[in-house]
């Protein structure tokens, strides 16, 4: 074993081989999940070994070349959050602290949301190096609701470009409720993160194609964001949404009337696509990857594939920063200072650019529609770590998770 | 001359002394202005020299100790914009390009503004290391108008703390015109950067003290921002503003009526202070220092004195980012991505956190009240340099002015 | 022939019989139309006569008893407008004067309206004694459009009573455009004469019955208003209305969302009924009878049948008075002082309580949606006759058409 | 004594003279108040008589000629409400019934209003023939508040004519609260009966004259309305109003800002006049005469003097009908159907054109600002008498007070 490999495995003894348990322990400690596609070849190799057989570096070089680089970084603490174990401990502490926030109430405008267990609470984090961390009900499935608006906006930016998209929507918070029956002074939705804007995104998303392809296009993007894991769909929620969507119908007809939509827009197909998007099912684990892909400028950390252009990610974060938390967006930008998007199902996805994505799920929402524990958790996070947009300005006592 | 001093002066020849002209040239090249207070002792020393007398390092160490560190950094290109000459050339290019923007019209609601020469155009930049650069009419004096709102907000944050201040104003863009007769759902001004919010800042600024002291307090802060240079006052504008301020009176009475002000607020004194603040006179040179102090987390780069707390600077930038450009704030945050504040006199002050402050003055404003050339110049600036809030995300071709 | 019959026929000579031509001339002069159902038996009798055969009173008493009373009143000038010939001459004068008003433009939001000949101009009047008068294009067919709102409101008042109906709509002008996306502070349509209110009337009109019966119910009422003449239907307009009715859809969904409708309302059926009602075709002749029935407290002057209750007529007139002329209602009530209802097809129906109904049709409408010539004609009418709601107050030079 | 005089006094016996007590009893019974100026000469004559001296017609003809006509009408039941005794009994009944309405609360925005005894209740009626009737606290003094708006509007109509006045205000209810910070689409106050409109009336009322004369002009008109009895002034209320008038200041500045006022309007003088007008003190007795003068087309029934033109009265009634009862105007017009104006002091003045004026005072007001008992009393009044604007239409069981 030469010095390079020595460095690589950072093994406790100067032996030519390392123990399998030790290797796996190091990976877990660094936040590399057992099912991370980047260590698939390593896993395969390890499984092919006889019990007790020592792991040689040569074997890794030969048999699991794809995993080699990640393994090296993980073991030598060169991932973006180098001291991931300490980070995890702190996050656990914040998780338990935030759990105490019991205010708010489950959204009740459709029975499917109302029935949800109000005590669910899950937190997942994924760094731009694919380090993952999940606490609580991180596998509980919930509908994206408004959290789908980020992906909808990304889709149309990719398809049409910013110039064309923003002929049909603005950049500004509305200063009003998220579903207010109002457009901006140019008769456009105020921004892509409110209902009117997301309905517009749906109108712009491949209007010439069959519904199935339009929806599929969105699903593919969401899968790309989340390490190629295809999200589910809650048809009961979809049907309920469609039945009770008077405000959205009112909005859409109003937009149509003032000529907000492109020529030839099919209103019903547009709304159908919107309700479908809201009914896509996901988990905090997947949403954290979604957020991490945005933090990583459009490349999914787990697959290394570019899902959206850098500029698309940048523009989406701009909009999430100023308009992503409904009526609370202004105060959230001020206090938390992170691009985020929430949904009435109780999800909040937040992005720390160039560092990580975070997803919280807890169904009790406040009067503005944001998850009470979600907001609480993110507040305590930026109180602890220097993640606020303007924290670079202040030389505080806050921890920098990037530091060794 | 030892290696340390060699490094210091980076002299062309290995002599024990350097030429005075060479030294001054190096300082100018690095952006250190002849009147920079930090080189006052050096200037004094240099002036005390006989013609032709060589400059020795020892003499500098003895006679101009305060200037020593700056001199070292400047000569060895260790200031925050190391290649300041190249930077200056590029800015000159952008200046000339932006000069071509001839749209907009001079504000005309009071005769004093209307009479201004519409062709004036000045740009000043000041880095957090006090490197300065001024082009065009950078000494033309103009009234701060709405650009005073940042300092007003800082004053009350310093005096009362964020909690108390935000009992009386919100954090959110209003989604409407800057002087709209509307408050947010809690009957507060939407944010400190619109008229209603700045009037509220005035109400909160030492309400128990005599008017003269309240105004003086603001002037002192502005002087502190600008290297201790006290700004002027345009009394004609003040009188005109007061006479034509129907909308602001309407706003203030409305705010009073719904109980927005603290108990005991004197409406007339409050408005007087507001009109006074708007009538303070300044130059782009001074406004660039103001912006640089914000970029430098509250410490004036030219004096090294802390003017406001780090947190105050951070909060002010948060508000400028989302609400500083009137109705255009949303689009400006999206496209330019810098905290900024404009005034109808034609000034725009922008902040690149941890890097520099920028001030542009050109009296022709667009329909939203922002200087046409000001916006144009800032757009071309972020197209050239990676200064947008989310440029860190994108690995673009943009220039990083921090790089050697 | 005794003195009573003498008086009856008011014959020029003291003969026992009168000439047929003379009799018919007297009836026409008094405003009794040849097709008035009340003289059907007389017409029959007259047609059964030999040429030249003299008319005896006995024969009339026997053969045309139903027509006897009207004949008496007409010949002895005891109808409500006794000097109908003079009245007709004056109306002709006003008609020609108003014809000069050439402002406005034909409604163009659907092609079917746009195509109409803009020069059409018809005026019809019908008194509470069934005296009729028609000028110009009084047989031109046009769609009722908003003029159907009066009958819709009457229908639901009859079916449900005022208490129930006004649980779902207000009594107040909206102070805004007729199709404004706004409800009053109780989340109701402001009144039954604007779109939102008429849509609500449709929702309340026999919601349990099949569409065909609901529409039929309305048609029957309209026929009742107009001497049992069933109105037509313009299916092209209906289809166009339905296709372009974005604002009305927006309104309806908004109303649904805030719970304005009764439980179980079928939105699509409601809107269908509304568009159907707007597409009913009529003439000024028929609309004048409609208005006359309202002026006559609910009894159609031509058939003597009660169509609606007195109170229903009263309530409908209250609403027409304050809200019937779109945005112009306030000024119209002030200047003209008559209950009226207009439609964008160019119809205006006005009511002089206890005196007469008036209908004007001219397709060029002003910016507020009222027929330019219609408003002009009614203004000149009240300038000439003491018909303004508060004319009773002023002892003016105006003519009283009731006077002998 | 000839038959004419016999008829005149309608004496029980065919004697040449009548008893004084009988005569006075007849006058009181007919509603002629002892202090009615029209019987001043009669009173004088009667007082000059010896006790027991019989009254001869000749003496009346000679000594009290001015009172002769009224006396004749009164005694022979030819006044507009001929059976005044029966009318009075019925009104007493309605008064006691309405007294039971105990809802509402005394206005509390200024201490002077708050301190008023909430149980006060007065009703006064005055017919167009000057027949008077007063019940309860009809001499209690209260401030006119918004009830001054009718007289303000009349003043400017008289001074400037309808055309000029309505260049600065509209004719339409606002569809919003009475003090809403909103103007109509032409940037005018919606109508003269809301705050903005009354402030405009003040601006238009002799702007060139000294304040004292402007106020005096209004006082004189009010005195003219009320039988030449000069109303009082409550200076405490005036001072309080002025101090707490934030909303009105806001309104006025807003109106100034959008150019609603005529060139050169002095805002402070305008508001001062408005607050002064609101602070004028009156009684129901006087307000009933005010209303009666309007009912009598501008001629005060008690003095026979014309105070305003017929057209002014007509226009004022038009505005009171549609806009006089704040937010309740629409429903009030529908249900009660009388022109009326209320004030937050608890007064409501209502007009039955060509018949009578009514004033009710009871300080407890409802959420819309109208006296609870005032509205209650007027509702029960029109349920009993055929006074609703459209009651002429319905041949109901309601009593006609004009009938013998």
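Before moving on, here are some points about what is shown:
Chains here go by letter, A, B, C and D, matching the order in which they are written, and residues are numbered from 1 within each.
Methods note: contacts are C-beta pairs under 8 Å (C-beta built on N, C-alpha and C of every residue); 3 or more make two chains touch, one makes a residue touch a chain.
Since this is a predicted model, take the numbers as computed values, not measurements.
Contact with chain B and chain D alike is made by no chain in this entry.
Of all the chains, the one whose CA centre sits at the greatest distance from that of chain B is C. One inter-chain figure worth recording: chain B and chain C are separated by 70 Å, centre to centre, where each centre is the mean of the chain's CA atoms. Separating the centre of chain C from that of chain D, both taken as means of CA atoms, is a distance of 36 Å.
Chain A and chain C, compared by their mean Cα positions, are separated by 63 Å. Judged by the touch criterion defined above, the protein chains form a single closed ring in which each chain touches exactly two others.
A list of each chain pair in contact follows: A-B, A-C, B-D, C-D. Put simply, chain D touches chain B in their complex at residues 181, 246-254, 256-257. Those residues of chain C lying in contact with chain D across their complex are 170-176, 184-185, 190-191, 297, 310-311, 313-315, 317-319, 321-322, 327, 329-331, 333-334, 337, 353-354, 388-396.
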